[in-house]
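Handing you a structure now.
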Amino acid sequence: MKHKNLIDLEYMTKDELEQTIRMAGVIKQRPDVYSHACEGKIMATLFYEPSTRTQMSFQTAMMRLGGKTIGFDNPMNSSVAKGENLKDTIAVVSGYADIIAMRHPTEGSAKAASLYSSVPLINCGDGGHFHPTQTLTDVVTLNFEKGRLDHLKIGLCGDLLNGRTVHSLIKTMSHYEGNSFVLISTKELTVPDYIKEILEKSHCEYEEVNNLKDAIADLDVLYMTRIQRERFPSEEEYEKQKGVFVLDMDKLKLAKKDMIILHPLPRVDEIAIEVDDDPRACYFKQAEYGMYGRMALIVLLLRAEGSFVFELPDPIVSVQHKCSNPKCITNDPQQFYLPKNFYKKNDRVFCDYCDYEIN
Amino acid sequence: MKHKNLIDLEYMTKDELEQTIRMAGVIKQRPDVYSHACEGKIMATLFYEPSTRTQMSFQTAMMRLGGKTIGFDNPMNSSVAKGENLKDTIAVVSGYADIIAMRHPTEGSAKAASLYSSVPLINCGDGGHFHPTQTLTDVVTLNFEKGRLDHLKIGLCGDLLNGRTVHSLIKTMSHYEGNSFVLISTKELTVPDYIKEILEKSHCEYEEVNNLKDAIADLDVLYMTRIQRERFPSEEEYEKQKGVFVLDMDKLKLAKKDMIILHPLPRVDEIAIEVDDDPRACYFKQAEYGMYGRMALIVLLLRAEGSFVFELPDPIVSVQHKCSNPKCITNDPQQFYLPKNFYKKNDRVFCDYCDYEIN
Amino acid sequence: MKHKNLIDLEYMTKDELEQTIRMAGVIKQRPDVYSHACEGKIMATLFYEPSTRTQMSFQTAMMRLGGKTIGFDNPMNSSVAKGENLKDTIAVVSGYADIIAMRHPTEGSAKAASLYSSVPLINCGDGGHFHPTQTLTDVVTLNFEKGRLDHLKIGLCGDLLNGRTVHSLIKTMSHYEGNSFVLISTKELTVPDYIKEILEKSHCEYEEVNNLKDAIADLDVLYMTRIQRERFPSEEEYEKQKGVFVLDMDKLKLAKKDMIILHPLPRVDEIAIEVDDDPRACYFKQAEYGMYGRMALIVLLLRAEGSFVFELPDPIVSVQHKCSNPKCITNDPQQFYLPKNFYKKNDRVFCDYCDYEIN
């Protein structure tokens, strides 16, 4: 059985991703053609943890397609969220809505919800696990602004250890020929090993550096991320180092004229306000482009034909195994009913919900 | 003066109820015919206490008719709810909206609000008093799934003392010929005497039993409800008895092949998850059918013609009487301005707002 | 550079205001003509402090024009409001929406936001500073109910010191010929001196009195406002005086047959409930008329042609000056990036955001 859900961008084929990006471009150019594409359709935005920006982006996307939205944004205030298991809420809501966009603080919750939804479901973030429409936003922006997804030198700067958007972008861009990566962070906040494995396996060049100024000159793309004070070993370390990872006009002077600056937003102070007026600053446009990416995704998921079907790995059911990730939805006692699904890859076993490796 | 409001299902004639049920069926079969029925109309969903499921059901119903919605769901956050009397809020909102769906924690508040609304008002629950669209949902489901509202053997299981949906369903179904009832509960949680009076007056057969397993074999319909731990005399009593009122596959094996299982939702654990996959489990469909019932109700209330007019008892104004129900809206000092309305039935006097008998 | 924003009604020319009022009248009479005027357009209602009534009025206005709305009403719950500066939020949201309606607790925030919005922005209240659509509501109501904006004797009763709606209404009405004002308040709560200066400069007659009963007979308009207990020098003073400023049927008997009563709502107890049924009570209609005023404003702001352009004073940039109003947005450290804008009027210097005079 194949689901028309978007749990992670990795479950899209390259063709499907490119189809989505192409359609985002068409919608941007001719919004009028799509302004009734979802007329009479309803999207439920179920935000078990608030994320106003993401929720507004989805609501706007649906509305600009002629559709309507219901939903909630405040788990504390929601009787649905309180005391009812995920299965029942999804079963009921998929009787109301034509498509569901869900954000949930627990890892693997998107996959779990998709099992019980009779309508397409989009993962808008399941804890620290996946957030595929952010990465879609990023690649749509690259395509709009650079005109290609290959042969780009991409700098990623900030907290590369904990940022799921960074990992997801690297994974996606590693599928395209000729891309190389400059990973700019403190040595405590470098990318995890599994990301380096992916880069090596796909023969992408990459280097790890600890200074933005030295790295900026050759970049086609600079992807900035928040660097959180509490991630540094000490307050002194933070004060000493933080300037090295802040983009200001002094550093930007050294960059190429056609480099573009991306940021998933919200920013704290890693990009100086003065940079906003530079034509290379693309992060506000990026938010708008994300809306076009989401519009394309909604249209493709709602299309009746089977031409756009994400391939998910076939799970194996195993009652012997138990996911060892304490943040996984299968370890929430209220969701005890979830089937014990795992999958095998290279002789290793992973949780089918949160993709954690089982020992 | 006649109001086009839905305060309780009892104020509908049998004809009006059947018209509503019939229209729900038509909408379910041909949603396209009604997809513009409320175009240009606005529904205000005023939820003075949160009930995400009910609010989403009304919003969806209005949207699927081509209408739009405004409203609030968070009294603490709402300046309307804070410090303003109900009359003023209703007077203002009925200047904005074409129809109001209101939920309020105080008994009698729906009737009170209807006095000041210049547009139709639907009661979405006024404290423990009425919740007519839940009962409408139930009868629409019975009609869809059993094809009739008469000659049904209906089991009701769980807390029959405190469940207003149970009482309302019994009242409504007692108007139809040949229905009989099996009331399944602990002896502490049997239906109140006034419900038994209604059953006797309408010559409905009923029996009271305390074990689901023994009762299930003959039922056409099994209506399950939550049974709350705190309703039991002691924790030991709860642990000892609760299994007797939980529907699982073992008990379901004994039931008829075409019995249907209803539940107002949310469930806690009174229906085992394994039952969900049985074709007799109708509670998720029931939630969807409730949407069609609400759509029919909205269409009929918004129709300009007078063909659909609920008959309310004519109140008498009396300054001598005072409602003795402490939960009644007339005992909220902020609503001091409400007219002192009561009505007489069989020489007994009742509060016109909360239907409490005045001594 | 000219902005199509509504920061304050004072920035509209008399022509623009009259155009708006005229269009409100046309929309009221022929709502069908405008029911698709904003089809395909989205309004963001960004309410950094809750004001359910104002937000519902804007949402309804947009919906009745065929448009749709996104937004938030709960700053505590909103990740946009938390931790992100105003500039970034506005930059992102103006990429989603076609028009923004913003309420914010900080003075000058509307002007600040308008600097970064790529779409028209309407101020729905910026702290105690401006609330132009309330005043628009008031003048639209005067025009609908009295048929004119000139030669009116207008009584204003209650807290005239702190009520920004009172000040704004006086300023606006002072531009029309033959209006006179009766200012009815305790001596502690009289209008500030700068309002008297405006009245004198525009040669409007006015008198200050401290008793509603003595003043009511000659009025064409009575504008009631809340009078807050804590504004009185003592509890005894409050108890002694409050009745003098409460409108009841006894006082209303003395008024002209065609006087109209306005109130910005919500009321507490300054108008007795019995007054609601008098035909002179216009405050509920006023709320509805406000919706027409807002509809007209939205249509005019969204029109592509430049015929409706508010003139703002040209600011001067000065790094020497600093706004001395502690409630001004320029004194919020998170908004450090705001340009140091001031303007000169009669050789005095004012903050361009909150209009506070700089010493």
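As written, the chain order gives the labels A, B and C, with residue 1 at the start of each chain.
Going forward, a residue touches a chain if its C-beta (ideal position, glycine included) is under 8 Å from a C-beta of that chain, and two chains touch if they have at least 3 such contacts.
Model, not experiment: these values are computed from the prediction.
*Asks:* On C-alpha atoms only, rotate chain A onto chain B and read off the angle in steps of 5 degrees.
*Replies:* Answer in degrees: 120, to the nearest 5.
*Asks:* Same residues or different residues: which describes how chain B and chain C meet, taking over half shared numbers as same?
*Replies:* different
*Asks:* Measuring from the mean C-alpha position of chain B to the mean C-alpha position of chain C, what distance in angstrom results?
*Replies:* About 42 Å separates the centre of chain B from that of chain C.
*Asks:* By the touch rule stated above, which residues of chain A touch at least two different other chains?
*Replies:* 68, 74
*Asks:* Quick one: in the complex, what on chain C touches chain B?
*Replies:* 35, 50-53, 56-57, 59-60, 63-64, 68, 73-74, 265-268, 273, 276, 284-285, 287-288, 291
*Asks:* In the complex of these two chains, what residues of chain C are touching chain A?
*Replies:* Residues 40, 42, 44, 68, 70-72, 74, 77-81, 83-84, 87-88, 91-93, 95-97, 337.
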